[in-house]
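See below for the structure under consideration.
Note that the chains take the letters A, B, C and D in the order they are written out, and that residue 1 is the start of every chain.
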Amino acid sequence: MLSFESDYNKGAHNKILERLLETNLEARAGYGCDTYCDRAKAKIKEYCNCPGADIYFLAGGTQTNQIVIDSMLKGFEGVVAAVTGHVSAHEAGAVEYTGHKVLTVPQTEGKMQAEDLRTLLRTFYEDNNHDHMVFPGMVYISHPTEYGTLYTKKELEALYGICNEYNIPLFIDGARLGYGLMSRGTDVALPDIATLCDVFYIGGTKVGALFGEAVVFTRGNMPKHFTTTVKQHGALLAKGSLMGIQFETLFTDDLYFEISKNAIDRAEELKAVLREKKYQFYIDSPTNQIFVLLPDERLKELRKNVSVGFWEKTDEHHTVVRFATSWATTCEEIHELAQIL
Amino acid sequence: MLSFESDYNKGAHNKILERLLETNLEARAGYGCDTYCDRAKAKIKEYCNCPGADIYFLAGGTQTNQIVIDSMLKGFEGVVAAVTGHVSAHEAGAVEYTGHKVLTVPQTEGKMQAEDLRTLLRTFYEDNNHDHMVFPGMVYISHPTEYGTLYTKKELEALYGICNEYNIPLFIDGARLGYGLMSRGTDVALPDIATLCDVFYIGGTKVGALFGEAVVFTRGNMPKHFTTTVKQHGALLAKGSLMGIQFETLFTDDLYFEISKNAIDRAEELKAVLREKKYQFYIDSPTNQIFVLLPDERLKELRKNVSVGFWEKTDEHHTVVRFATSWATTCEEIHELAQIL
Amino acid sequence: MLSFESDYNKGAHNKILERLLETNLEARAGYGCDTYCDRAKAKIKEYCNCPGADIYFLAGGTQTNQIVIDSMLKGFEGVVAAVTGHVSAHEAGAVEYTGHKVLTVPQTEGKMQAEDLRTLLRTFYEDNNHDHMVFPGMVYISHPTEYGTLYTKKELEALYGICNEYNIPLFIDGARLGYGLMSRGTDVALPDIATLCDVFYIGGTKVGALFGEAVVFTRGNMPKHFTTTVKQHGALLAKGSLMGIQFETLFTDDLYFEISKNAIDRAEELKAVLREKKYQFYIDSPTNQIFVLLPDERLKELRKNVSVGFWEKTDEHHTVVRFATSWATTCEEIHELAQIL
Amino acid sequence: MLSFESDYNKGAHNKILERLLETNLEARAGYGCDTYCDRAKAKIKEYCNCPGADIYFLAGGTQTNQIVIDSMLKGFEGVVAAVTGHVSAHEAGAVEYTGHKVLTVPQTEGKMQAEDLRTLLRTFYEDNNHDHMVFPGMVYISHPTEYGTLYTKKELEALYGICNEYNIPLFIDGARLGYGLMSRGTDVALPDIATLCDVFYIGGTKVGALFGEAVVFTRGNMPKHFTTTVKQHGALLAKGSLMGIQFETLFTDDLYFEISKNAIDRAEELKAVLREKKYQFYIDSPTNQIFVLLPDERLKELRKNVSVGFWEKTDEHHTVVRFATSWATTCEEIHELAQIL
């Protein structure tokens, strides 16, 4: 059985497991106050070209979104996101659970348009009764988006420009950041990300780690007593060093970028096969997630040999599915899949 | 200066103030455990033709929405509302503050369409990943809506039918219920409301009381220990008897209905004037709120003599304003306004 | 049947009802943005000798405690209170509902001792692991306390001194403030209160108003967008002017102080009777609440003619009850009660 | 440098790391819906002799406490814990963050006494005003406690008897459960735990796993849609299989019990040394945590060679420290420490 269901279907890159083995019986300080975390943070700051950043490791994506948003918003504020944004649609209301509304703007291929953001903000402040409404206090985007699409540098500049104009922070969800950075044709590099937002995270769970996300507060703007806030949210890992070890490994000798590139290379190969075999793409994604529209009959057949992700039904007889490649996808798997398709 | 800004711009109906005076120095039990509340509840149950109902008095509309929704939803559930629903747009995120998402469906003249509700529910349950999404756990509508429009009995039946099919409660926000019930041409009477939902409230604040809303749990389904929940939300009024006295007065000798009818009669007179003078209606409202589109120049002029409610800007030079009549609006005020228009 | 059950068992002072009648049909801006509120605020500031204060009216005590505490604390902070503090014991967890812990210190006759506060704060900061604990972010006391006792000026200075040392605000719950200010022998006047804390409220509900509390942010330190926070908590009253009218009346010609004095005078008379008749005082309260320990048999008898408040059982056969006088208690009622006792 | 600071200062038992390596590149379903989790659950149920249990894996202790408590309490309820209970003192208010109060009872060597629990419950229900108070809706104890002490079977029966009498669930925090079960002289085995409470968890983080806690709902009473609740709290791990793999390993061939026994054996050796050298024990703990009172001078000296945990200051010149042994502590480490002590 082949699995193209997700980019979190396997364990971790071998180098990470090796490091975990090597360091396993060393005694370490708890809660992320160890030297592995320190070194990992230093390396990430260097790769981001952002020496003044504050960095914090958290275990998962929804947790990170919840805590970053809750800790940076004031009580009367909500976060602006595209309707298809992960915090808006697929986190079981984790943001609302902390008392904050997700204010939505339309999406275009999963992306937020600067114009739509501006309209929301302008309309809000023009409304005489906005004291009775949730204040937009932060903007959330994901890069790559939930549809695998990417912002251009110019688009990020436009969004960040509006945020600065209205004096609200921009938060970039980088659960799959590596795959975005290594996409062919993108003009957005890691230091650009660090320049064009107030806080973002570098996804580990979906890019070679067992688990872990590195939150980067780009302006040294980590909220005060952040560890207490993390503990209060139930998210403080006793063995925080595990994330330090993993991220130190990922940010040594470009490993994070190399394994991200693997996913992109395999995705491009797969797209070539799909194109050749006349499959219908649902969206044109330049990263590791490929969305294809299939007749349900065809899907049923396919699933005998390949697990793929359900995305949505478009009508009674058709379904959009997702093929995801990852740091772990091999050329052999692509070839095998090509035989089946 | 004439005021048509809102239906809560004056005190209370004279009979209510008289009763407050008469009873002022009687000693009464606190927190709504008094005989006035008991009698008011009995009368309301009778008017609703709903002897098995549980009734509870709360001070204001947003408070009522927040507490009813929070106390009836499970932790992982959200409430479905039209995008223009009060809980969705104009309560400063009071529902989200309690940890629950407002799930939105499109609006048509402020109303939720049965079809849109069905689509949301069906799509949710069809989605293989709905465990990662907020469960729709209640449906919220307002009657009259925020645009002054009304559901027909058939429309309510359709919505309630879907709710029953999916086994989720229907909650009707009746902040202006009196004005809906007395609207000319409506086929929905108070006992119909009590039959066609699981919980609703009869607005007092906007219909003749100083403050107060009567929540009716139509199936005897008031959540257990509701008083404690109300206290926990900071909403338990020490002198709860004040609401008992007011509602007993409103539901004696049809007062609630008579004063609601006054608002409707005055609104119809005003609409006739506006129609005659060729004003452009923004929406066709059969209740006490009248929405008119005005050039900003004209509005500026008008506001020298009349206060009206800001609704929204439609473009740079035009604004929608609201004229609201109420239980207190007099024929003289309509005549004066007619001179000015 | 005599009622000494509480100080919120009757309506409002006659002058307040008169003003409500006089102003009843004037059109007014909603949500507290009216001239009555403006004038009431100006008068209160003058009485407090605190021209830079921000003032906000809310409807009830628990609501006020909840909103003031929630809006002034950061997410990782809790509020310090005596174990018997109202927020700690008798508000159904309204503070915890907003996500904040109530950190308790011992009580002495209902009061917080400066020493106990200092110990809590010192111990917290000495603890190496305090990152895993709730930060003490505010101190809450009530004056009079839940036991009717009062702080001396020196005691308030000591508490406020510690708060300033640790840079956390002091909040005084003045639900019964009038009764404290008019207590014989107190050295604490209203301007002292305004000097010796960061925020307090002047209780109306228990001191002559139908409802309403005036929150005074003594340093002009009302949290930004406080109206939105109030709305979000479901506590924004549509007819906010009702509170303006009431507080303007209370703070005209010393009414608030005069009616508070009435409660104290009646309480002193009652205490004299009780003393004479050898009743056993549970605590020595200098304000309007009198706590007496009664054998249950005696209590049962008494309750045939007088309603009193249950306080607590001390053993199987004895109960502490509360006699409360108020702005409305008459000499006749005291005489009648004396006959019965 | 020797480390006796905690039982979470090292990675994982070697067998666990081996299994992670072996299974690393197998494709697996996400979010705990994999065969490893299934098998681990089956094995745990067998060890618990509790075939009807529901089992769920979560990543850490505070997270587990927060989610179990929040999902099992109704909105108006709080959880009863000893003042020294982890949820009460050292989780940064994670329970309050979810809106629930922690109601405290006194502790005796870290344990809750049945008598104290009964008093709290009886007093609550006797109080006429308990509608204004937080309802006790669950009882939380830890076994071993935060002081390393253990309940006897009889004590657990007494507590659970009271819970059943009042119809509220008992929750046992077993972050260090293995060390309790293998303590010499305990009469409480794993099936006893499963019989004597409604929900408990088997700690992995502190007992040989990289991370992970196995929550056991002993009566098949896992709250409906628990996965959604977990997601909403930000706690749903993408690679949930990692916990399945770890717990399957721990519950194969008694590994969990064997490695727990190692900690106990080493602790007993260490206690013998400490006793011999006349160190002053702060509390008599029968598990892997040893609390010793040291003059600060002596502590300073000691810390040059050994890291130990800070517990509390008893006065200006003395400190209680904790020596923790674990699944990973070796005889050599004990010998080395003995040289230094």
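Note that a residue touches a chain if its C-beta (ideal position, glycine included) is under 8 Å from a C-beta of that chain, and two chains touch if they have at least 3 such contacts.
Note that this is a predicted model, so its numbers are computed, not measured.
Chains that touch both chain C and chain D are the following: A, B. Using the mean of the Cα atoms as each chain's centre, the chain most removed from chain C is A. Spacing of chain B relative to chain D, judged by their CA centroids, is 50 angstrom.
Averaged C-alpha coordinates put the centre of chain B at 33 Å from the centre of chain C.
Averaging Cα coordinates per chain places chain A and chain B 42 Å apart. Taken residue by residue, chain D touches two or more other chains at 76, 91-93, 97, 99, 131-134, 228-229, 231-232, 236, whereas all remaining positions touch fewer.
Remark: chain C residues 76, 78, 89-93, 96-102, 126-129, 131-134, 310, 312-313 touch chain D in the complex. Interface residues of chain D facing chain A in the complex, by the touch rule stated above, are 1-3, 5-6, 8-12, 14, 17, 20-21, 23-30, 59-67, 91-94, 97, 205-206, 210-211, 228-229, 231-239, 242, 307, 328. Touching chain C in their complex are the following residues of chain A: 70-71, 74-76, 99, 131-135, 224-225, 227-229, 231-232, 236.
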